[in-house]
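After this come two complexes, each holding chain A, first together with chain B and then together with chain C.
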Partner chain A sequence: MSNPSYAYYPGCSLHASAGEYDLSTRELFAALGVKLTEIPDWFCCGATPAHNVDELLSLSLCAKNFELAEQVGGDVAVACAACFSRLKFTQHTLEANETKRVQVEKALDAPLKIDRTVKHLLEILVRDYGLQRLSEKVSRPLSGLKVACYYGCLLTRPPDVPNLDCVEAPTIMEDLIEAAGGTPVEWTHRMECCGANFTLSRPGVVLQLSNNILKSAKDAGADCILVACPLCHGNLDIRQKEIENTHSTDYGLPVLYVTQLVGLACGLTPDKLGLEALIVNPMPLLKKKGLL
Partner chain B sequence: MSRIGVFVCHCGENISRTVDVEQVAAKAALIPGVAYATDYKYMCSDPGQGLLKKAITEQKLSHIVVAACSPRMHELTFRKAVASAGLNPFLCEMANIREHCSWVHEDRTEATTKAIEIVTMMVERVKKNRTLDTITVPVTKRALVIGGGIAGIQAALDIADAGHQVVLVEREPSIGGHMAQLSETFPTLDCSQCIMTPKMVDVANHPNITMHTYSEIEQVDGYIGNFQVTVRKKARSVDEDKCTGCGICIEKCPIRKIPNSFDCNLGMRPAIYVPFPQAVPNTPVIDRENCTMFKTGKCGLCQKVCGPGAVDYQQQDQLVVEDVGAIVVATGFDLYNISEKPKGSPIKGYGEFGHGKIPDVIDGMTFERLASASGPTGGKILRPSDGKEPKQVVFIQCVGSRAREKGISYCSKICCMYTAKHTMLYKHKVHDGQAYVFFMDARVPGKSYDEFWRRAIEEEEAVYIRGMVSRLYQKGDKVVVMGSDIAVGVQAEIEADLVVLATAVQPRSGADRLAQKLGISYDNYQFYSEAHAKLRPVECATAGIYLAGACQGPKDIPDSVSQASAAAAKVMTLFAKDRLEREPIVAKINEAGCVGCFYCKKVCAYGAVEEKEIRDRQGNLIKIIAHINPGICAGCGTCQATCPSKSVELNGYTDEQIVAMIEAL
Partner chain C sequence: MGSKKKMVISQKTMELDIVRKVEELSGTSVRRCFQCGKCSAGCPMATFMDHPPNRIVRLLQLGQWRRILEGRSIWYCASCETCSTRCPNRVHLAAIMDALRKLAWDHEGPSKESYVQLANKLFLENIRTYGRQYEMRLAAVFNLKSGKLLKDFMLGPKLITKGKLKMFHQKNKNMAEIEKIFQRIEEMRKKGEAL
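This part shows the complex of A and B:
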């Protein structure tokens, strides 16, 4: 069975702080035989700042990226939860609102082409590739690894926009981890906000919110946290030491991207997954569990 | 030769603003056959009708065309006026020059031309009108009430007290419905059982009421005044006539661990049971799915101990046909079970609330059972997980209701009040406890309702937090409630011992199937639709069927009782006459032309086409042809359009009339 190919939209983070997410995505998809073609000359989706300042700017940035994606075939594959949200929001808004369509077309100076299907990597792995086929590719099952699957705010919300899974009680990440042989833990904070980009303007907020998440995962007995968003990753991983210091505690919870953990299960070596780029070192845990 | 009168109405300025009514009347007077034409400011007013009647007498008019509003508005008015002047009312037609002309056009010249054409068409049509006589059908003065909750009980008692026979059908083994489950009722806090059970006994003892409990509607045939309803009496396995209700079978049954749905599964019951001690009838029923005798063929203890020999394992479902003239539907509601996400439904569920997983997250009805003196805890508020008395209780309103994105956009109407009541019941029983309520708005617009809600806050010290709850989770033996307090603008987090969800009111399961049997319409949520939201709120569009209680939309007890009495009054109005009058706009078969192909029968949505045998004088069968039952025919005209031999005519809309209209254009 031949796999569909995808127009890959990495987003800015994956070319910067989340380089390991980009690397592991490319390596995993190559290993699975799924072709990703990076959209030529793609640029920022506008993320949180653009739509807070100027909605037309935000919509136009995404609409332009859709136009660029026309050069590459297949559904649009997105890694970052924020890019995913903005692209989906653009489609949702412009499909319903004639006035805004006209404005954006004027800004682009071109007719709108936004009807491409946008998919998060999770959807591609779980639905397009399929859990059954994925589990057949697993050569190193994540046996005994207790994983706290963390969704954050944007993957499923708001209702009727991303349509990734059930809005408040999704299971797509848990399903994926089970297929990779791991054990998802039941925990309470998998849908709570990590503080997102307040990490720059009001880090105190992030220290508090992300602490709640880490604590909840630890209390549930998780060995590590699984994420699908570079910003969540930044808050939970990069700031983890600071959170521990502020709250006089010790979590030591590695935070891994979906592609890293699934890639590991599929037999990829740590250098192809960028594991060394993680701040909270996952190596001792993975060694202990016999995964290296 | 016809002498037609044309009466053009100004409708104040509604018509005359865009249509030159004088010109319309002048042109109409020139049409051959028109003997008289005039215009008037308000034709429907008393002087307008007087003008019409006077002209009929003085001008010896034979047919009338009123050029005014839609026939839906005033056809009946003018036909009555025409009849009072001695003409057959069906020789009067309306030309709609308001909705079809003046309201939708701006250009006066064009609108006037169109109005003249509409009038000309109706003049040509009325020439072909025939005199018609009102149809009368007999009325069976016996009513069926479906549903034995408070609405059904009230409707049944009212109709029965008026001297008519009533058949009351209830799906459960006992009548009483949800009201029998409640502890105390708002806004007076009187005990629900104390006001409900006497009414249940009244039903049982009423000489005019026949009860079929543990029964469902199988099939509905017939029409207003003449319904035949087949009722399936499910096998109780206990003979209702022999059983004395002594209860020894219930006492001796060895299977005792079946969750009691009447107690929201908090308590247990045996396999042979009555749902609650005050049940009416007090005849037990065997739950065949859980009974050892039915599962393995061994046991039979209840039969052995039954003195009168009422236990009958061989009993079968029985089908009973009841002839009734009117039907009151009072099937009530269910509470939305948020832990279930029904497949294929747009309703999305609330996995984030942990209902069904966290034992101390319960719904409002479960709290009623906890607070009820006849409930599983004897009226003590004890939480399900460990039986401890909860000291902090969080109530969450609008769970499911008013959440468009979750699939239900309507307000369930009763939750604000019952939650306020719950906080009071809780405070009365747990004096050192604290109740919190998360709410969006307080919707308490009933008599003494706002005072009641204020009392919950001001005297009973319930803390109301305006905001929504995002998530509930178990933390040790507490349930953490995460929400927002939008009045203060902060996140609210409460560690509760018990959480009570005011889940949405939904129509009873299977409401759609019953509606299809009855031929009544329902909305997206399967609430039954009334004929007119304001002016016909208790009638269905289907003649002879009436609505009472929450099956039509969320309602509290006072509203349900009011609507039930209103429905009963409508039934009594119907039963006040021996024969029922119907408009003669029905189809008729030309028996000479009909070849008995029965295409008309296939297309008739109302089941009005019957088969009729034509015999010669010796009684030999010549042919079988179609016959239309005028009692059922709704006058839609589909058969007329379908008939290949042109042997069906719809009175008032014959081919001849319609062709005359087209030719006049």
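This part shows the complex of A and C:
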């Protein structure tokens, strides 16, 4: 059975602080025989700052990216939860609002072409590729690994926009981890906000909100946290030491991207998954669990 | 906590033209809210705010835009979309917050919550100049302009070793097109064709 190919939108973080998410995505998809073609010269989606102060700019930037995506066939595959949210919001808003549609067409000086299907990597792995086929690719099951699947905000909320899974009780990440042989833990903070882009302007907020998430995962007995968003990753991984110092505690919880952990289960080596780029070193845990 | 001034509701103090702009920008009606408080109950940032989210909507219903502007709540919203998700009346409060920030930005420019505004401004400038976001540049310029020179100083070397901060970057080939988008939007606003 041949796999569909996708127009890949990595987003800015994957070309900078989240290089390991980009690398592990490309390697995993290649190993599964799924073709990703990067959209040439894509732009920043505007992320949270653009829609926070200038929605028209945010919609126009995303609409421009849809126009650029016309050069590459297939559904649009998105890795970052924020890019995914903005692209889906643009479709949702412009489908319903004639005034805004006219404004964006003027901003682009071109007719809108935004009816492409946008999918997060999770959907592609779980629904398009399929859990059954994925589990057949697993050569190194994540046996005994207790994983706290962290959704954060933008993968699921609000209703009718991302349409990835249930807005209050999603299971897509847990389903994926089970297919890879791991054990998802039940915990309280999988949908709570990490403080997001306040990491630049108000790091104190992040230290507090992300601490609640790390504490909840630790209390639930998790060995590691699984994420699908570079901003969540930055707050939980890069700032984890600072959070521990601020709250006089010790979590030592590795935070891995979905493509890293699934890639590991599919037999990819650590260098192809960028595991060495993680700030909280996952190697001792993975060795202890016999996964390296 | 919030303004201690007594609230007087009259034609004079109700700025309904601003409320209409908020409704147009956000595509949602503030009148649908019946103050159940679910938005504030689920808001992860409510403890940082002077006016909790449900009160922001109530203040809008009463046309009390100035009170919102004088407060800090809109600059502490994290855009997590929990309020919009749980509202039983489908008030899209996260979009209302966007609209309020846009109008505050237009009215006041940098305000007392200028760190958030500064971060937003630099982020948009980066898009206009480079087409993409470069975190190293964003953080460095933010620290320089906010006077917090040593903020996250300890993180820097580690991030560079891990390859997480790129010192050099390529410019996007379509930069002329992105500049045109910014200019056309400015033009539309000058002509009154967009808010």
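The rule is simple: the second predicted complex is superposed on the first by the 292 of 292 C-alpha atoms of A that agree within 3 Å, B and C clash if a C-alpha of one lies under 4 Å from a C-alpha of the other, contacts with A are read in each partner's own complex, and residues count from 1 in each chain.
The rule we apply is simple: a residue touches a chain if its C-beta (ideal position, glycine included) is under 8 Å from a C-beta of that chain, and two chains touch if they have at least 3 such contacts.
Keep in mind that what you see is a predicted model, and the values were worked out from it rather than measured.
Asker: Looking at the combined model built on chain A, do chain B and chain C fit side by side or clash?
Answerer: Here chain B and chain C cannot both sit on chain A without a clash.
Asker: Considering only the touch criterion stated at the top, classify A:Cys166 as touching first (chain B), second (chain C), both, or neither.
Answerer: A:Cys166 sits against chain B, while chain C stays out of touch.
Asker: Touching A:Thr48 in the superposition: chain B (first), chain C (second), both, neither?
Answerer: After superposition on chain A, A:Thr48 lies in contact with chain C alone.
Asker: Quick one: classify A:Thr188 as touching chain B (first), chain C (second), both or neither.
Answerer: It touches chain B, and chain C stays clear.
Asker: Quick one: is A:Ile279 in contact with chain B, with chain C, with both, or with neither? Answer first, second, both or neither.
Answerer: The answer is second: A:Ile279 touches chain C but not chain B.
Asker: Looking at the overlay, does A:Pro158 come into contact with chain B only (first), chain C only (second), both, or neither?
Answerer: both
Asker: In the superposed model, which partner reaches more residues of chain A, chain B or chain C?
Answerer: Comparing touch counts on chain A for chain B and chain C gives C.
Asker: Who does A:Ser60 touch here: chain B (first), chain C (second), both, or neither?
Answerer: Only chain C is touched by A:Ser60; chain B is not.
Asker: Considering each complex separately, which residues of chain A are in contact with chain B in the first and with chain C in the second?
Answerer: The overlap between the chain B and chain C interfaces on chain A comprises residues 158-159, 167-168, 192.
Asker: Which residues of chain A touch chain B once you look at their complex with the stated criterion?
Answerer: 158-160, 166-169, 188, 191-192
Asker: Enumerate the contact residues on chain A facing chain C in the complex.
Answerer: Answer in residue numbers: 12-13, 15-19, 41, 43-44, 46-57, 60-61, 64, 68, 93, 96-97, 99-100, 103, 106-109, 153-154, 157-159, 167-168, 192-193, 195-198, 200-203, 205, 209, 238, 242, 276-279.
Asker: Please output the residues of chain B touching chain A within their complex, sorted ascending.
Answerer: By the definition above, chain B touches chain A via 341, 348-352, 405-406, 470-471, 473-475, 480, 482.
Asker: Applying the document's contact rule, which stretches of chain C touch chain A when the two form their complex?
Answerer: Residues in contact with chain A: 24-25, 27, 44-45, 48, 76, 78-82, 84-85, 92, 94-95, 97-99, 101-102, 105, 115-120, 123-124, 126-127, 131-136, 138-139, 142, 151-152, 155, 158-159, 162-166, 169, 172-174, 177-178, 180-182, 184-185, 188, 193-195.
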